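A short write-up of the structure that comes next.
When the chains are written out, they are named A, B, C, D, E and F in that same order, and each has its own residue count from 1.
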């Protein structure tokens, strides 16, 4: 059996911390740490919906993603200064939005919008997955805020959602890649799973050699194991179950 | 057994036509039709590489994707007039590029670049998958052009690559969704597979309810069946095997 | 008498093909080939007008022009990726729009808009002229579609309009320049003429030495000859006269 | 015989003033007034050429055009604030550049560039034509500056160039349209002519009904008459002939 | 006592000329010259306010600032061509707007907007200060125009406002820096003062060594002296007091 | 004596915390809290300088400023998504850069650049001043990092620099405005001072009525008092004096 670069066992998550209520102004917020990766997630409630939903009686959940210029080893350009968001940024924020909408009853929200801002303070791999896991906490807290204000009558969240990356390291499936492992992995897959075990998103990419169906299933097995732990962290953070 | 909207059996591809050598100026080209979806793929060879590869002795393959404004039922904005590419466009062109690099020996190319332009003339679902399948033909022909000019010594393509979408329609897995089916599907997955059966990319998304592992495997089974046929079309188009 | 680069006689058009009804979704469409130049023209009907016409009871006809990146000998930048349309693109689409409005009774349209998209699939000189000639067919077919749906009561097109370029080659006037001839011509002029013989636009440019009034008249004479043939092609394509 | 809106006879220019040496820093400059239209033209010399001319031993002349926001009856958007130049602006600056290059021996310049900035201080019709006429003076003075500094050995300007607009007013050809006349004209044509009588650019546009060949020739006749006077003003401004 | 680069005494303004009514179309206008610096200021009245003031019964005064490309020693990029305004441009136009609003009774305006366009024709230092001083004249004249049309009932300008730069040259405070002095000054401060002696804006910047409180007060003393003269020029330009 | 909105005495700073070494990857970093305002400052070292300094042997210090979308009471647009930085953002980052350069011996740096990124995590007034104060700590630590790596031989920081805002509340000068106080202040001034007591920047703005010279001096007196305390916090954070 090989030893992966981080020295963790193949099925070990990094150290996970979910800290709720960290942003003074936001209706819901959570700072998530997965090892050295640190993402600040805020949920902002607005009493209007995008044009395509006006008059529908239905709400909307969307996400924006950003990275502080020095979240990474070498400083990256500030996207606001460059004047546009990269393709990677847009791809990630679309994924976060889809993942959260998958467990939200948009009709139960009524015509309001919640924007999840996921800003990476420190990046060490797995930022999109950490964003989804942390954003669920922020969203849950924002809905609780709305319930307490009687803006909505029932909790629109139908289930939990969390995400984790897995990869193939020297042919073996390993859980929760850090940056160093990710850059050396043969394949890299992000899984977004619900508390009830359903698949919301699967994104697997071969970095070098293609991977096999059996390998895909091994990766999925690890992801189930990892998200199981993340669901417990989420429940603790919002004080349920 | 349900009947899917298109009336096709669950494992039937749409009518496929791959027409090579359709662009007068490009080093390689292919027009692909999958039912009513029609994409023009061209491969353009340039004797330079992006900055991060200069001096590496290695080549690069990249892709750009576009849609004519009236490829769709209602006219869309021209991205050049809006002044930026949408997140969807950028996500698709990154996928096409990764898929083709997965079967290319970049070192065997030497320091040159090939850009695959995939322009959708008519859209009826599955445009990103059709782009990958057609782009492989254009890329193969461009490499053949380079071989005939003695720019490269060996064929850098190591394998075939093709893609197809599958989805869940009333709980049943169906192959090669058209636009109408895609908008009604419960889940939608794009599979990029190699000729030898390896997985290059898996992108599965639940549109409504999450899907199960068993369903993911059913979708993958159909994708293997469909890409098997696409590989034969590709070989016929480039005149091999 | 000199022989022009293409070998055609001075008053010969390239081979012309106008193929109507080529786009599945558009209300009107036409693919035009002038020799190796190939342009796809679609007409899209929308039930609204620009702000300056709201409440006027009058319609609007406008055009957008684009070129696929590998329509040309060497690949050009994709304008959507660069984030703006070039001055050349904007100049051409303004010309196409003006030319078609010159033969349209905008009041007879009522408050609706038609956008002509002219996308160059292969470029070999004369793309703006081919766009105008092909767009007239697409516009005619779109109006026929509106008549058949009783959206309008009478045909708003008052006349035909077509365009052709002419140039001076070694002092002699020649008709319908291809790319090679255009780059060698001493002067280059585009003429937009109506079926009844009126001038809608004249754009003459000296590339090297200025040209004389007599030369301008020779070029205009050839343009009359060439557009006469193009008008017959247009009528055949739409099935009139 | 009809009376045109301005009350001028059909062949009368507006009052013309060409004031040279008006910009403190520019190598050449001229403020031109044609009636109420006022344009500031400056010529800036730079010791470098665009990439496509590097190493060619040849120079380049280009132009930029702008309009102060309140040059017009109602304030227009500042193009710098909107973040892009309009199609009209780009079309005009391309025309000015082509017109001046037509009378410049680019080889005699050596590898340097001159940029003509034409900024409209007050607009009352004919701003593109006034820009060309005034820019020639600025360019001439800039070349004289280069001669005096021994940067070039001979005057690269081979001829004069000037421009004027003409139009059809109630069927009659009239010279030098002001804004009010331009908006009422049946056709509008800009002619760019050289001192020796050659045509550099002809741009005729029917605003309503198409125009005839005979009308085109009447307009051209007036333009010869008008530019004849402008050439005298130019020579006086630069102190030749 | 040192001699400053311009040879002026330490408390001497450059030659000042305020020329009102210079723009044909604007409701108010003024060309201001401070030595070689020349700025054209126009005031444009519009019968609408920004969204945040709709329904408030209150008006708005804002400013835009620009510089002709060859206003400077070496030609600068045209901001419209670059596609964005620099930080310096935005900083200056915000300053001009704030300064004029400080002496305007926005309620007395009713719901209308006035935009001050300050375009630098020649730059030789102090352009932002000259813009403020000249814009006050343009604004005063625009309000007079509105009074004469009975659009407003009382003059909304409560006081005069003018600005001047001062600096430290070899330790000594000097008034009204030109470009050459500004580039050599140890500190540079812009003061915006009202006719009644109040401070509206103070912006002091150490270029090299920090400056002291005593030096700040010397600079302010000079600014009072200089704006006292500018107020007289303003009153003369608008024909009051 | 009035009571200011925050209940603090007129010369009381908010609670100040400077936390160094908070960013894993940056060469220097500091999180600064001034009451509820919280800014993350990182210093990134790069071994190159802007074009205008190449070959000069001199270094450069610059700053970028950003605000997380939900740092404020209501969510603001993400500047990266809007595609440009606001004028306010650009004005602030220019101020931060100038302030730090004022206490840096650029020659002692050699040809390298340091970029200070100041990202506001929570905004409650005074973010630009907090950015300067915190950025000095990050810059000091980055220089220490360079000294420890022998990239530079001597500490290029010549002095400390810190900033604080002051304002007039009901005619009385008060120190360190929070958001609520800032929005109600009659005047608002930012002072950037050095450890030795010199003035680097003074920016005073009357929000309503102009202010007097005596009031400006009162504000400056408070700023001296406040920055004195901030200098002690800075020294403690970097472990000197």
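Methods note: a contact is a pair of C-beta atoms (placed from the backbone, for glycine too) under 8 Å apart; a residue touches a chain by one contact, two chains touch by 3 or more.
For each chain, UniProt lists the protein as follows: A, B, C, D, E, F = Ribonuclease PH.
None of these values were measured; they are calculated from a predicted model.
Rotating subunit B by 180 degrees superposes its CA atoms on those of subunit C, with the angle stated to the nearest 5. The interface at E-F recurs elsewhere; of B-C, D-E or C-D, the pair that shares more than half of its residue-numbered contact pairs is C-D.
Chain centres were defined as the mean of their Cα atoms; on that basis the chain farthest from subunit B turns out to be E. With each centre defined as the average position of its C-alpha atoms, the distance from subunit C to subunit F rounds to 59 Å. Rounded to a whole number, the gap between the C-alpha centres of subunit B and subunit F is 51 angstrom.
Mean C-alpha position of subunit A lies 33 Å from that of subunit F. Residue positions 83-85 of subunit D are each in touch with at least two other chains.
One ring covers every chain here, and the order obtained by setting off from subunit C toward subunit D is C, D, E, F, A, B.
Interface of subunit C with subunit B (complex): residues 23-26, 29, 36, 40, 42, 44, 46, 64, 66, 68-75, 78-85, 89, 115, 117, 119, 121-122, 124.
Listing the residues of subunit D that touch subunit C in their complex gives 84-88, 90-91, 93-94, 98, 102, 189, 193-194, 196-206, 209-213, 216-217, 220.
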